[in-house]
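Before I ask anything, let me first share the structure, which is written out below as structure tokens.
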Amino acid sequence: MSHGNKNQAAMVKEISGTNPLKCMKCGKCSASCPAFDKMDIKPHQFVSYVVNEDVESLAKCESLWVCLSCFACVERCPRDVKPGKIVDAARQIVVRQKGGNYLSANEIPELIDEDLPQQLLVSAFRKFRR
Amino acid sequence: MSIKGEEFRPQIVAFCCNWCSYAGADLAGSSRLAYPADVKIIRVPCSCRVNPMFILRAFEKGADGVIICGCHPGDCHYSTGNYYARRRMTLLFSMLDYVGIERGRTRVEWVSAAEGVKFSQTMNEFVETIRGLGKNVRLGDLRCKK
Amino acid sequence: MHGIGVFVCHCGSNIAATVDVKKVVEMARLEPGVVHAEDYQYMCSEAGQEKIAAAIREKNLKGIVVCSCSPRMHEATFRKCAEKAGINPYMVEIANIREQCSWIHKDIAEGTEKAVILTRAAIAKVNLNTSLVPGESLVTKRALVIGGGIAGIQTALDIADAGYEVDIVEKTPSIGGKMAQLDKTFPTLDCSACILTPKMVDAAAHEKITLYTYSEIEKVSGFVGDFTVEIRKKARYVNMDKCTGCGVCMEKCPSKKALSEFNAGLNTRPAIYTPFAQAIPNVPVIDPTQCTKLKTGKCGLCERFCQAGAIDYTQQDEIVTQKYGAIVVATGFDVIKLDNYDEYAYSQSKDVITSLELERIMNAAGPTKGHLERMSDGKHPKNIVFIQCVGSRCNDSKGKPYCSKICCMYTAKHAMLIRDKYPDVNVTVFYIDVRTPGKNFDEFYRRAVEEYGVNYVKGQVGKVTPEPDGSLTVHGVDLLENKQLKVSADMVVLAAAIEPNPAVRKIATMLTASIDTNNFLTEAHPKLRPVESPTAGVFLSGVCQGPKDIPETVSQAGAAAIKVVGLLAKDKLLTNPCTAKPDELRCNGCSVCANVCPYGAISYEDKLVNDHGVRETRRVAVVNSALCQGCGACTVACPSGVMDLQGFSNRQIIAEVDAICR
Amino acid sequence: MKYSYYPGCTLRTKAKKLDDYMRASARVLGIELEEIENWQCCGGVYPLSSDEIATKLSSVRALNEAKEKGQDLVTLCSACHHVIKRVNDDMQNVEDIRTRANNYLKFDEPYKGETKVLHFLEILRDEIGFDKLKEKVVNPLTGKKIGAYYGCLLLRPSEILAFDNPENPTIIEEFIRALGAEAVIYPYRNECCGGYISLKAKDLSENMCNNIVNSADGFGAEMLITACPLCQYNVTKNSEKELPVIYFTEILAEALGVKEEVDAQ
């Protein structure tokens, strides 16, 4: 089943500090996620990709960039798996690689308006770029 | 974990009360929850049966660590035995500390009959601590070594 | 001691796979005192025991060591075998080379080395064993059952039918427990009250059963066969002998604000009340926190209207002391508090209820007289959503790690009953897994789906939001469709986890019965002794041991009863001979040992002693071996090291330490 | 009562009013705030990865400065509070992060999470007390129907933030009541506004903010109050209904009678 990259899966586990095997596939994370409809890989599926050592698919998915880090899944997960941390770890792996940035500085001017708080840009930079 | 040439393998004595901790150890066994073979268990009726003399004797004879396990406070089969054990061991351990036996070499842990996982975890941790501390020489009685 | 025999068991491959059994035999032969050593496939088998017996007789063995499974498993077996072969049963020691060696180690060299050391320690100990003779104690032929739910009632009935006296102690004003609150029961849908009340009546009418309702256990002392228990009979403020159960007092009582415990807090009851109409005994109690007369001295209406003159505001709690040979714990369960699950809006909306509350709503004697109504506005709901596993199967700090076991079935029952009675109501069940093992259970669940059209959706709900129009939105997910769902509902029912009755912790402590991390009582053996507690004479019945449905509870109740009957049928019990024993010659009568003894087994006597030719009268400690339970607290407390414990003597334990550290 | 105060980037610029109203109110309430010297931006989001420390250092510096002064550290912006409180928890409980951060920062004495991190609302609740606050109100907001919008950062993960019940919080409602207004409770008050996602996926944030505003409006709220500049921005910009979203410090200043003085500055 697992042809993937063992190292990367181990890295996701290490960065996130969670154990995907604790998951019982209840789906409470997916039921709680406000970004569910924008996600190609759904929160309850994150764990399977790590268990099956297919971090590559996870790294290519859109979900990395639409997770809001609102921690609803972390708060409500009955098994202490914390799917939000897993997706963030995968995102980390991507942005740490060269060229993994999801947001370029050139895009910024057309994205902002005059009321936009600094906090938004700071957060976006931290989440979308190395 | 295989027996390799010069790897330090500590000598560890565990006193377990018959009602909770010994049963917890049995549960760890039947659940196949491994812990190092360095731990050898002595069954006593209650943690309050553990005479400080036994612990001193173990160190004299070359033990590197001694752990006493009993029922959780309030759950003692004999109602109050573990409270006696707790008080005695607190005193003994500070005395041992005074003579140079590091705190980490002695430990009291409450393990119920249902806590096989905790028993195994505790033993793994304890052995790890003792491995970190290395061989114990304080109190060792050379006459005992023949 | 010369003449030790060592018997090493293979336990099939359980031991032999990781321990070189032959090597253990070979090493044992080298130990001092050992004159015989052998191994065998299964030492506990008849053939194995015959081998031991033969060796004892032929080699004139004085003591034996069996290297096998845990002594908690087969120590008794091998003691009996030794006794049959003619040596004292206490000349047997067990080296636990299975649970504490072969099962936890993988490497043969390592396992064998440890097995050799454990054997060596057992040999060193048996060298110092002495023959011990158990004493005898009498058995009080009366049993106590703590808890008057279906578990307690059934246990009591079975014990009483066997001819023994039984007392039931029930905390609330009536027996009946949780089952009395249920409307229908799965998988047959028969009426809970219809099958329970006859049993309640039987218990009350049985000549061998005494009911102590509205009573609690205050103190327990003693041991198997001879427990002494203090029972607190809380003041009812109603004279049980005079009360006719007419119920006028309840009608006239002006204070009607207390939430009804029986109706799960959905409506109110008077300050003087019986929990439900079929209560047994049918004698009300006055709730002192609610009664105006008891709080302020004014009112007294119930007294004025009681024609039997049964009201007595001066009644006090009463302590009854009773002796028992055996005690059965049947304290049952409660539904968890839902404080940690506010995402389901239980505390924010009256229309989010627990399944137990729904049970009361569906019941003809409940707050809505059996009509399906919303608690907020009394409207008939059109859409009902059930959420499973609320607080069950959680390994975070909020819930319970176990499966509550009964929820899948009762939810199928509720769904079916609602669809049957109100075909206009849509029922959706959000589940993680549907767990229906049991006779006719899965068929029952399938009927809910196939015949009653209940909509089952796989996926846990994330949140329930109350809407301005009074409806509820259930934010769920359909994992099989991989879609988020928002379902509009008029009522949401939560399958809240069950947990052991919170009172059980205190009771377990009094009984010195062990309890697990979830507050379920521990059984003596998970498979082979499921209704016995590790504490002799204490037995377990019902959910206090683990989640169970009614049929399982009733079976366990019967099993606990037969264990009690087996105990009470004996006139005498052998006592544990491993008791404390002072060395009279060296005792100086300092009294330290008596202070630590939890059983009051130590007293002091003036005795004539002969100390190296000097004859004098000295005050020395004396142990009553009938009372001593052998904990050993005194042996360590004794400043002069005079007190020792037979079977676990100082010398024996030191010999073990020496053998291990050699 | 003297505290160290960490304002954060946005309170210096776009959300200056959030800060100003608070400072004026604090003066009335006798809360003394000493701004951390040379504070650096917290980063806006808590770095979840457990293997790097660089993104946590600015918080540790601020925490250590408060420790050296022997003061509790007060925050106002939800994001700063979230980040600093979680970093502090790491410094207390995650040995690896603690060791590496201290090795790098080389303080006189290693920082081990000694500083207590408080949100300004917690000071109002736990140090001043809402009863006392009520007594200080000179201009009660009687008749106003106000919805509290908590957002996500103040409440979750509750294990660490320990701010309030994460699914049914009450602190801001109690605050509203103390000022004499009516608190409107609506179920979306702890749902996320979309945060930084509004930059690249505006529609997602719009959907979420509409849910929030529609729910609050449905339950009768006339305005929402928040502690987070980003929430304020998103909920205002990305919802269709025109429900005012203002900072909680603004109504505090109003009730305490210092709003005009701030507005005049």
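Going in written order, the chains are labelled A, B, C and D, and every chain counts its residues from 1.
By our rule, contacts are C-beta pairs under 8 Å (C-beta built on N, C-alpha and C of every residue); 3 or more make two chains touch, one makes a residue touch a chain.
Quick caveat: nothing in here was measured; it's all calculated off a predicted structure.
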Per-chain Cα centre nearest the global Cα centre, belonging to chain: C
Chains linked by the largest number of contacting C-beta pairs: B-C
Inter-centroid spacing, chain D versus chain A (mean Cα positions, whole Å): 25
Where chain A and chain B are represented by their mean Cα positions, the distance between them in whole Å: 44
Approximate Å spacing (C-alpha centroids) for the pair chain C, chain D: 48
Touching two or more other chains - residue numbers and ranges from chain D: 166-167
Sites on chain A at which at least two other chains make contact: 72
All chain pairs that touch each other: A-C, A-D, B-C, C-D
Residues of chain A touching chain C in the complex: 22, 24-33, 36-37, 42, 44, 72, 76-80
Residues on chain B engaged by chain C in the complex (per definition of touch): 1-3, 11, 13, 18-20, 22-23, 25-26, 28-30, 32-35, 37, 40-46, 48-54, 57-58, 61-63, 71, 74-81, 84, 88, 112-115, 120, 144
Contact footprint of chain D on chain A as seen in their complex: 14-17, 34-35, 38, 65-66, 68-72, 74-75, 84-85, 88-89, 92, 102-103, 111-113, 115-128
Touch list for chain C against partner chain D, complex: 341-343, 345, 347-348, 397, 463, 465-469
Footprint of chain A on chain C - complex, ascending: 343, 389, 393-396, 398-399, 432, 458-463, 475-477, 479, 482, 484-485
